[in-house]
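Each of the two complexes below includes chain A, the first together with chain B, the second together with chain C.
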Partner chain A sequence: MARMKFLCDAERCIECNGCVTACKNENETPWGVNRRRVVTINDGVPGERSVSVACMHCSDAPCMAVCPTDCFYKTEEGVVLHDKDMCIGCGYCFFACPFGAPQFPNGPSAFAARGKMDKCTFCAGGPEENGSKAEFEKYGRNRLAEGKLPLCAEMCSTKALLAGDAPVISDIYRDRVMHRGKGGEAWGWATAYGRPENANEGAKEQKREGAK
Partner chain B sequence: MLTRKATAHQGTLPEAGVILATNPASTATGNILAKTMDRRTFLKRSGLVAGGGALATQLPYNMIGSAEAADVAKDKTGVETKRTVCTHCSVGCAVDAVVENGVWTRQEPVFDSPLNLGAHCAKGASVREHGHGEHRLKYPMKLVNGKYQKISWEQALNEVSEKLLAIRKESGPDATYWVGSSKQSNEQAYLFRKFVSFFGTNNMDHQARICHSTTVAGVANTWGYGAMTNSYNDMQFSKAALYIGSNAAEAHPVSMLHMLHAKENGCKMIVVDPRFTRTAAKADVFTRIRSGTDIPFIWGMLYHIFNNGWEDKEYIAARVFGLDKVKEEIMTWTPDRVQDVTGIPEAEVLRIAEMLAKNKPSTVVWCMGQTQHTIGNANVRAMCILQLVLGNVGVSGGGTNIFRGHDNVQGATDVGPNPDSLPGYYGLAAGSWKHWCAVWGVDYEWVKGQFASQAMMEKSGITVSRWIDGVLEANENIDQDSNLRAVVYWGMAPNSQTRGLEMVEAMKKLDLLVVVDPYPSATASMSAMMRKDGVYLLPACTQFETVGSATASNRSIQWREKVIEPLFESKPDHTLMYAFAKKFGFEKELCKNIKIDKDKQGWDEPNVEDILREINRGTWTIGYTGQSPERLKLHMKHMQTFDIKTLRANGGPCDGEYFGLPWPCYGTPELKHPGTPNLYDTSKHVMDGGGNFRANFGVERDGVSLLAADGSASKGAALQIGYPEFDHVLLKKLGWWDDLTETEKQAAEGKNWKTDLSGGIQRVVLKIYGCHPFGNAKARALVWNFPDPVPLHREPMYSPRPDLVEKYPQPADKKVFWRLPTMYKSLQDKVKNISKDYPLIMTSGRLVEYEGGGDETRSNPWLAELQQDMFVEVNPRDANDAGFRNGEYMWVETPTKGRMKMRAQVTERVAPGTVFLPFHFAGWWQGKDMLEYYPEGAAPIVRGESVNQGTTYGYDSVTMMQESKTTLCRVTKA
Partner chain C sequence: MNARIKFAVVAALLAIGLSACGERPQVVQYKQGTYSGKPDTPPWDNARFGGNKQAWVDAVNNRAQSQNEYKSVN
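Now for the complex of A and B:
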């Protein structure tokens, strides 16, 4: 069974924000709600690197663990989704999330007045009927149901942002790393992208790359 | 901390986007689990899981592909997909627009496009917003007592045309100025040239003047054509690439797709720039250069190349003219001298020179960092010389990859409103006019009668960089009868031109100012700030609301389908030109060979395909003759058949052709020339897109032959020697005349390859003899017809180094240059010591989120949210000396008394002594928001101070390019 993942290749990301506007375009999120953003370290000095970050659809998602109404659920493909009808806008998920993925339409206001949480759905919609108006209005487009991948990754200017089944995108990334001879130090590589059928392979690989 | 990404000002934009529904009525949650199960089973059926892997192998470095078949019903009625091309830069990224019942509802990537493989930057990924256009100019407006009021189209067309005709009657046609646009399609830009010619003036121009005019002039005079020699895709073959004065990661982001792939395969990427740009962040080597000192750096590299014997001696002997003289100058640029002027130490210069020389083919990329200088024409020629010495031109993976700016700036340069040439670089001589009059089917005498005189008809017009002087300069100093009294801004932003303080004075002095634009643009607010009436705003539509072709930087031509009907009351540019032509009384002449259709509101609309066919019939010089609408549409439909490295179709209906038939695509469409992927490439047959340098400057100079050496010619050519360009005489001499058909003979008699309207000369030369119609010559390292035949370093007008101004001064002033007196040395001497008061170098450039003057992109909420403030990059040292902190408002002040208030971004991206300002902002003036001066509801979401309010005087000595990359300023606490 597929495990849908994002992987951003920092050697390729040029901080063009194409992923950010692609997401806005496809999901029509309002001003101030950014399901995806590009984070840059060492801005303006040698060593500058950028990565595009959204919900990482964690294998063991902290947001799911802390939600008081249990509004989160995970699809068989590993996509972490939530039910806005159950969300009370408490913001616990925001504090739990290491990636800053949960967004609130009313900003950092008081409990509940924040509005219902919104986040990246891996372009997989929500609990409403696939492709329905209700689903689009609450969660944005459901591209997965159309046989397409998230638009942010599909439109990435340098194909830095990869989306898809973890073994597939990890193979692509590995191939690039082999060509460049560096760059395999992506954080959480083994946990997120290793092949489940060879649980140890990923860990071994990370060791090898670390030893280079 | 303020970084390049603005912190979101939440909730400040109620109108943007769709607010997520939180309707409590919909909380009947149903059985979530069951629905999830549904999706799981559904995904299994859809084959999504297997789909991803297959695509990864099909696309070697493009890992994302839409997965296979899906169940969601797509065959809804009223849903169509239209294929168009992004309008934001010259890469030419294809876009699939999904339209439901006339509304543009979705945007899908075009993985099949060989140019972008589905990829987009922030701008490309947001083009669907054009279909909303909430901040557009919605209907014609007129400035009445300082406020814009809505008027009808009828009133607008009547009043504007009456006023223009009155001015023409009183002061002659040259009292008007027409700013055209690189945002127009080829057909519109071409029609605009014709339209303004029929009004009777050469006073017209467009964005190319201030972006790559120096490139076009410098490069064409070196070897033939003024364009990017290779392509973005071809850079995948490069082993080393030098970016100098180009920030491709922000200005041409999708080009980096090709470069980063090349880099993964071992290409060495080098960036030389005053700033540590985002492109530099991806480079193997980055070196900081003092702004405006490109030639000393290039000569410094060549010094090492010659000293080490790394030059390609055989190539130089066969294909380069006049290098000896240039070498004399080069060898005076010893490493210590180079370091003194550029700031780059010898070891770095040597390292870069060695990388380029030992990793061939190596390519070079340049943009505005090289071109926007008083010596821009010399900078670009020095780059050409570097590539010639290394034997890199006409070679796949090599070449001069000159990235153009706007989506159709190459096309508008080729066939559009240039003040010094008719379409196709034919010039303005009587013979050129007669050639085009024959194509247009109009009487030459009639056209001549439209102008003030034959002399004015053959005299280059004023450039867009100087129109303000056409208004403000004393009448006795200008080389035309009247000063400019009316200006029509048809698709260009005023804040992209320098000397803003003087521009508003010129706007005040005009009798009439007309703006034709989808967005009212800064022109509307700047003029409303200065005057009470005499300004008209006319809504044009975008390229998504009409059809037409656009030429990407690599010379590939793509056809855009119409996505949606024009929004609000807007009209396509060509429809408006025809409407005005009717008022001026020359609509019959304007569209003699062009069918007139009726649009949905009953307006007359010239048929765009007919306009392209007319371009095809006349533009022989640069091979715009083979790209018929039918051939272009076929390419758009079968994009998947083209190779992503070579751009060549492998099988399918376009077999053997290059994507978009990159010009030159010689001969008639029936000749089936495949287009030219890399210019001057002798390793290919001319009918396979091969070529050689152009014989455009005679056959000998000072007793030395200008033709290519024996044995140097394109593959399979019947003449394996240098030869001149072809005309009827040469054809007869060679005994090739009888290869023409009888009808071709009649048309070709007395003509040459450029003026034979039958295409017979080109057909015989190319197809039968494999020769190049424009001859086979050497490239010119020495361009004797330019003011500095050997490219010379000259200090910028406003230099921070008075000592170097002494050594490397500007040339003498020119009394008449493009109809205007132009200062060089007199001004430089006057401001020689001004760096005491204005110690910092001020330079400007692009942001990835915005384009050009920025009115369009700053009106797009998806982009505007990402850059909400004008800012200046200042080194921590200079900020500390001036006493302001990161994120604070501060002032940038320039020698012209320009005062610009903006936020400080304190960063080591710039070196001490240099500040950088993005050039996309407008809508603030000396610290004040100009919101009140915009038409109601049509102000861009983000407004800020324009860098060009404070930029200074300075123009290229050949093309009148403005000096906007190097001037001086000081920064103070607000």
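Now for the complex of A and C:
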């Protein structure tokens, strides 16, 4: 069964912020709410790397664990969503999330003026009728119900940001690394992406990297 | 008699006090591929896919392949 994930290839991300713009436009998020953003490490220094970050739809999501109103849920296809009618805007999820995904738009809520939490929905809407106006206003577009993938990934000009079923996008990334001949030297590569049929190619690649 | 009461009180206090020290799972027990949560319609339950989950999975996976330019170019 599908297990929806994002994968950002830092070798390809050019920090164009196209994903951020696409997300903001598609979901019409308010000022101050950026469901996705691009983080750059060593900005301006040769070898700088950028990576596009949003909710990673964790398999064991900490936001779900800490929410006092239990407003989060996980869909069958592995997308972490939340019910804004139950959210009290306490901000616990923000502290729990290692990616800084939960966003607060300022507005009425039970706790202070943070407003109800907003985050990336993997373009899967929320617990309202699929494709309804109420769903769009609260959670944004439901592209998954249309058989489409999140717009941030579909709009990515260099295809650095991949979205889809985990095994499918892992295969795409593995293909890419085998073709370009680098990336596979990363620690844990063999565990995460290595496959018995690619073992020889992986060894060749390691040898090539070692010879450099 | 007095010692018995003391013993009973200490035992009761210990039982109450230590009851909070039990190790309970702090994380959500999520079973992969099962639905856990609020009433929500699955993405394949609409006019386009007519409740056919496999058709939806195929549609999404086909679309995901458009992200692989090695396949589209070669």
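We adopt the following convention: the second predicted complex is superposed on the first by the 177 of 212 C-alpha atoms of A that agree within 3 Å, B and C clash if a C-alpha of one lies under 4 Å from a C-alpha of the other, contacts with A are read in each partner's own complex, and residues count from 1 in each chain.
Here, contacts are C-beta pairs under 8 Å (C-beta built on N, C-alpha and C of every residue); 3 or more make two chains touch, one makes a residue touch a chain.
Just so you know, these numbers come straight off a predicted model, no measurement behind them.
Colleague: With both complexes superposed on chain A, which partner does A:59 reach: first (chain B), second (chain C), both or neither?
Modeller: In the superposed model, A:59 contacts chain C only, not chain B.
Colleague: Quick check on the superposed pair: does A:20 touch chain B, chain C, both, or neither? Answer first, second, both or neither.
Modeller: A:20 sits against chain B, while chain C stays out of touch.
Colleague: Of the partners chain B and chain C, which touch A:72 in the superposed model: first, second, both, neither?
Modeller: Second partner only.
Colleague: Just chain B (first), just chain C (second), both, or neither: which does A:144 touch?
Modeller: A:144 contacts both chain B and chain C.
Colleague: Tell me the contact category for A:164 with respect to chain B and chain C: first, second, both or neither.
Modeller: both
Colleague: Determine, under the contact definition given at the top, whether A:34 touches first (chain B), second (chain C), both, or neither.
Modeller: The first partner, chain B, only.
Colleague: Identify the partner contact of A:49: answer first if only chain B is touched, second if only chain C is, both if each is, neither if none is.
Modeller: The first partner, chain B, only.
Colleague: Residue overlap on chain A between the chain B contact set and the chain C contact set?
Modeller: Comparing the two interfaces on chain A, one with chain B and one with chain C, the shared residues are 1-2, 73, 75-77, 83, 86, 124, 127, 129-131, 142, 144-149, 153-154, 159, 162-165, 168-169, 172, 176, 179.
Colleague: What part of chain A is in contact with chain B in the complex they form?
Modeller: 1-2, 11-12, 14-22, 24-26, 28-34, 37-38, 40, 43-46, 48-49, 73, 75-77, 83-86, 105-107, 115-116, 118, 124, 127-131, 134, 137-138, 141-142, 144-149, 151, 153-159, 162-165, 168-169, 171-172, 176, 179-180
Colleague: With touch defined as at the start, can you tell me which chain B residues reach chain A in the complex?
Modeller: Chain B reaches chain A through residues 3-5, 8-13, 16-22, 26-30, 32-33, 35-36, 38-40, 42-43, 46-49, 51-53, 56, 61-74, 106-107, 109, 111, 117-126, 128-129, 249-250, 253-254, 256-257, 260, 263-265, 276, 278-279, 281-282, 286, 848-849, 861-863, 865-866, 873, 907-909.
Colleague: Give every residue of chain C touching chain A within the complex, in rising order.
Modeller: Within the complex, chain C touches chain A at residues 26-28, 30, 32-46, 48-49, 56-57, 59-61, 63-71.
Colleague: Give the list of chain A residues in touch with chain C in this complex.
Modeller: My answer: residues 1-3, 59-62, 64-65, 71-78, 81, 83, 86, 124, 126-127, 129-131, 142, 144-149, 153-154, 159, 162-165, 168-169, 172, 175-176, 179.
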